[in-house]
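Note that the chains take the letters A, B, C and D in the order they are written out, and that residue 1 is the start of every chain.
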Amino acid sequence: MTKIIKKIGVLTSGGDAPGMNAAIRSVVRTCAYHDIECVGIYRGYQGMIEGDFKEMGPRSVNNIVNKGGTILKSARSKDFITPEGRQKAHQNLIDAGINALVVIGGDGTFTGAEIFNHEFGYPVMGIPGTIDNDIFGTTHTLGFDTALNTVVEAIDKIRDTASSHNRLFFVEVMGRDAGHIALNAGIGAGAEEILIPEENLGLERLLESLQRSKASGKSSSIVVVSEGDKIGKNVFELKEYVEENLPEYDVRVSVLGHMQRGGAPSCFDRVLASRLGVKAVESLLEGKSNYMVGLQQDRVVLTPLEQAIKGSSRIDEELLRVSEIMTT
Amino acid sequence: MTKIIKKIGVLTSGGDAPGMNAAIRSVVRTCAYHDIECVGIYRGYQGMIEGDFKEMGPRSVNNIVNKGGTILKSARSKDFITPEGRQKAHQNLIDAGINALVVIGGDGTFTGAEIFNHEFGYPVMGIPGTIDNDIFGTTHTLGFDTALNTVVEAIDKIRDTASSHNRLFFVEVMGRDAGHIALNAGIGAGAEEILIPEENLGLERLLESLQRSKASGKSSSIVVVSEGDKIGKNVFELKEYVEENLPEYDVRVSVLGHMQRGGAPSCFDRVLASRLGVKAVESLLEGKSNYMVGLQQDRVVLTPLEQAIKGSSRIDEELLRVSEIMTT
Amino acid sequence: MTKIIKKIGVLTSGGDAPGMNAAIRSVVRTCAYHDIECVGIYRGYQGMIEGDFKEMGPRSVNNIVNKGGTILKSARSKDFITPEGRQKAHQNLIDAGINALVVIGGDGTFTGAEIFNHEFGYPVMGIPGTIDNDIFGTTHTLGFDTALNTVVEAIDKIRDTASSHNRLFFVEVMGRDAGHIALNAGIGAGAEEILIPEENLGLERLLESLQRSKASGKSSSIVVVSEGDKIGKNVFELKEYVEENLPEYDVRVSVLGHMQRGGAPSCFDRVLASRLGVKAVESLLEGKSNYMVGLQQDRVVLTPLEQAIKGSSRIDEELLRVSEIMTT
Amino acid sequence: MTKIIKKIGVLTSGGDAPGMNAAIRSVVRTCAYHDIECVGIYRGYQGMIEGDFKEMGPRSVNNIVNKGGTILKSARSKDFITPEGRQKAHQNLIDAGINALVVIGGDGTFTGAEIFNHEFGYPVMGIPGTIDNDIFGTTHTLGFDTALNTVVEAIDKIRDTASSHNRLFFVEVMGRDAGHIALNAGIGAGAEEILIPEENLGLERLLESLQRSKASGKSSSIVVVSEGDKIGKNVFELKEYVEENLPEYDVRVSVLGHMQRGGAPSCFDRVLASRLGVKAVESLLEGKSNYMVGLQQDRVVLTPLEQAIKGSSRIDEELLRVSEIMTT
């Protein structure tokens, strides 16, 4: 028999992403809407082990929908990897009367939740929050849309100076395993070339492309490079390589770094977070467990956590083609 | 027999929207990619009648992907409503060797293209560009996502002052016939109430909601109102009505106005514009005509122009529900 | 004999302005630096009467330097106008052991402080916080620089749509008694004409200017109008007047409104707030009272509150001339 | 006898800065206002040598007041270092009927102009344009204010993620020889420590400061480092050093890089550019030469180019003190 859920815990874990606060707010308010209690768990699984809890009512999430980061903080927990750690965490939840858990984060976060569910039969629901958009089962993760806007705004600025000096810029963006940020922001920023982990076009093709770009009359160039790119050289080595082989180019490097993780979320991410939070709580109340809520074909749907963890989010072939045509 | 297309004309018409320049750029570059000529037509159908044309190569659209407005300008054309005007326009296209047309705009733009196609059997393809998102056959029109971000950023600022003074603000946003901007931006901005044309909740429900909000401890309130709202009062009358009935509220009004139409497009709108431009040109080259290219279930698809014009874009029931829960 | 100051109260009053939180933070941290206690007083003078106080240490102002609005809230107090109200406020300060007061606001705020000082000999120091920049004794009030950026960003967006349609826009900006926002933002936004309270150029000159602008080949026009402009017509009447007299113009109106008061403060305002807060506290500790701290010739200086209230901040003749030349 | 000036040339040189376009616009429009011709010289001194000139009327600078970069492009010219190069440049100016020159840039730009004036008695006037604010004779260079806003906005985003993870960030900002950006943006962004070239506080003081900060309850820290800092370690080495000595800190690095040079100029920079352009042209028309126009005590004043080059812009002692107090 399914135990009736009267109190839900919510936590954020892993790298933070814009929209996490909007998701927390949505979880809290959906609980209130259904007359369920809600408890915020600080610092992810570590706070679960340490019992770092706080009751949250609808007013405790006022004015956070537009804030970057996560008011519940995030942390990596070594203790949660151990059975003892998880045992402690489970006991804390029981002691606090918390019947179910909403976890907001990425792959690692979901893996933790899945094991926890497996060991204790504890109801869990995942919300995908990471700027990398590398989660199977959702077309958009929380923070991805905001990060794209942050990146194109930064490249728009870099282009000002690139154009003024007829320079070539290598701009490194986040995405260790997935080129979603690089591909989308590269198209959006009008990059002349985009290097992503999923496609190794080779160094020669890059040189050819840059030569063609120069010949076609372009006076400046932006190459967007995913940090996980497999071309075999990082942005600084790429700079050296191009300067050796195409001495007519004045090359600069810019690594956008952690600012990509912050900032006020875009409207898209705020609305998505609100939708996912509602679905996560209501799915738990319907007795479902061990799923991730996500967006597919514009609808909010459930994907088993196990699939979300094992599957991989593919680069869209159509986008690759659009990218190629745009750099004509 | 389908005439082979060697030169495509592109124009923008109706209200401008962020992303139109990115779409122009995509049309021009896709033509270049397929070794087709491309001609920019200034000031919409009026420029077509006046023969205000300009050859466009891939370099003529450098550095416009991030610009608001439309470099081809837009205008409403009274002459195009007359058969003589359209006859003149058709002759100008033939004289210039232009074989097909991509029109970027909204309902009115598509209606013009549809009639033109009907009268002359001329190949046309539409790209939906309007911030209102009120076009059937696409989940997103160009400019909608950007406008949402503009609105939530403005409301974030208004909330600063609303919170500092414990005030109630009525914020009017664009959307004469459709509440998409109000509903999405209202959720995104954490509005306490959202008034849209599709749903007339009545004035009493508004008062009740505001009283409940005050009672629940909220110190400030934002009510987002679509300009086409059917509640029977404009924002200024709403202010008076609330001040009379809830004298404890200090009420202010803000009409966001035309700034919603401008600004650098969001990454989403730039990528969407790039995708739609590719599809529009390639569909023409495949011999298709009289369609609108749009986004459905994350895929670029074709909808007959006639359907796009007659159909209406519905408000999402799920979003309405999310909105209700978020204002708990 | 001057009483030794051990505890300072800080409040914000009147219209809120970006930078007020940075100033609160600076007052709190400067107190901590000098081992003085600091108390936040909520809702301005009203909170002083109601004893709505809160102890503030250096950590209680973490992460507010970049927030718009005021965490201490602001309110207009009718009770403080009465001697009884002020008596009550004074008693509350004494009971709480508060020896001196820093008030952040505009003319009205300073007038209250001046009377309070006069009646009770109570040490007060003012920090000018208002977006209007209409305070004598400082070249910049807190929030002015931020508001200018907000206005030019909004007009940049409006210009996108103005240029796309060859339109004329009247844009109303804040400034009931002073044209500082209109003049500076008008120059910054490249306005074709600027109407301010300090100069009534007359309607005929406006028509002439618009005709000259059209003749010179400008395809769109922005006219920035201060809300307190003395030309005798508000922006909506101006629109009608121009449409009647210059029917070739397609005219639109945009009232920017309260968003001008909000938003994250500019770096300039944050630094200025930090400087003024230090000076305000240290001046009180030096035994000074009844002054406003302000910026003159890039230095932080003191002006007697009485002068700050009575004096008026003049429009710069050089700027008027620059404005005229820029609209050539 | 002073030759009457009928045509003025304008160029940008050295690193580009936001506001350069607004200054070009001001020079062009001030020339038009005085019925003087104006010629744009592309790519700085190199374009002067190559005769890369273009006539500019008031309409040719429409819609650039808000654009980053420089429409006249910039370049470093090796040829201009040689007497032959400068001879060629001089002859080109004479051939084109250009009587005087306005150069926009930094130290190197002014040095070139000064030598040119010295050799040929040619009238020159300098406008300080560089984000570094390292020019003697002006409190603000063009682009400085904009760069500060860009930096604080980026750090605001980084703080979101720093706070969510209780991390320490080293953020490197521009300023090879001058700490103006680091000091102002550091105060504006609420940095816990600021490292600038003008002050070597030593590594031990940094460790102490960080320990004190942790002890005081701060959960995250931002250290802003000027790229020209003299502490003896770059940001990556600083990260290692702190991790070795304060293992409780999770340290990250962010190098903001070239995006600091771009972006739409702030209102302050646009207004300043407009004022400096007017003064530069009118000073030439009054027969003055070999000066830099700049801002001192809020007034536009002239400084002999020689002094501007030799002098150095000092860090403000008051600001250093404010910085120290704010990090309490």
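Following the convention adopted for this analysis, contacts are C-beta pairs under 8 Å (C-beta built on N, C-alpha and C of every residue); 3 or more make two chains touch, one makes a residue touch a chain.
Owing to the predicted nature of the structure, the values given are computational and were not obtained by experimental measurement.
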Seminar exercise, completed: The chains touching both subunit A and subunit D are none
Seminar exercise, completed: Farthest CA centroid from subunit D: chain B
Problem set entry | Computed distance of Cα centres, subunit D from subunit C, in Å | 28
Exercise. At what distance in angstrom does the C-alpha mean of subunit C lie from that of subunit B?
Worked result: 36
Exercise. Using CA atom averages as chain centres, what separation in Å is found between subunit B and subunit D?
Worked result: 39
Problem set entry | Touching two or more other chains - residue numbers and ranges from subunit B | 156, 159, 163
Exercise. Linking chains that touch, what shape results: line, ring, star, complete or other?
Worked result: ring
Seminar exercise, completed: Every chain pair meeting the touch definition is listed as A-B, A-D, B-C, C-D
Exercise. Which of the residues in subunit C end up touching subunit D in this complex?
Worked result: 25-26, 29-30, 32-33, 58-59, 62-63, 65-66, 139, 145, 148-149, 151-153, 156, 159, 163, 184-185, 187-190, 216-218, 264, 266-268, 270-271, 274-275, 278, 297-300, 318-319, 321-322, 325-326, 328
Exercise. What does subunit B use to touch subunit C in their complex?
Worked result: 12, 15-16, 18, 67-70, 73-75, 150, 154, 156-166, 169, 219, 252-259, 261-263
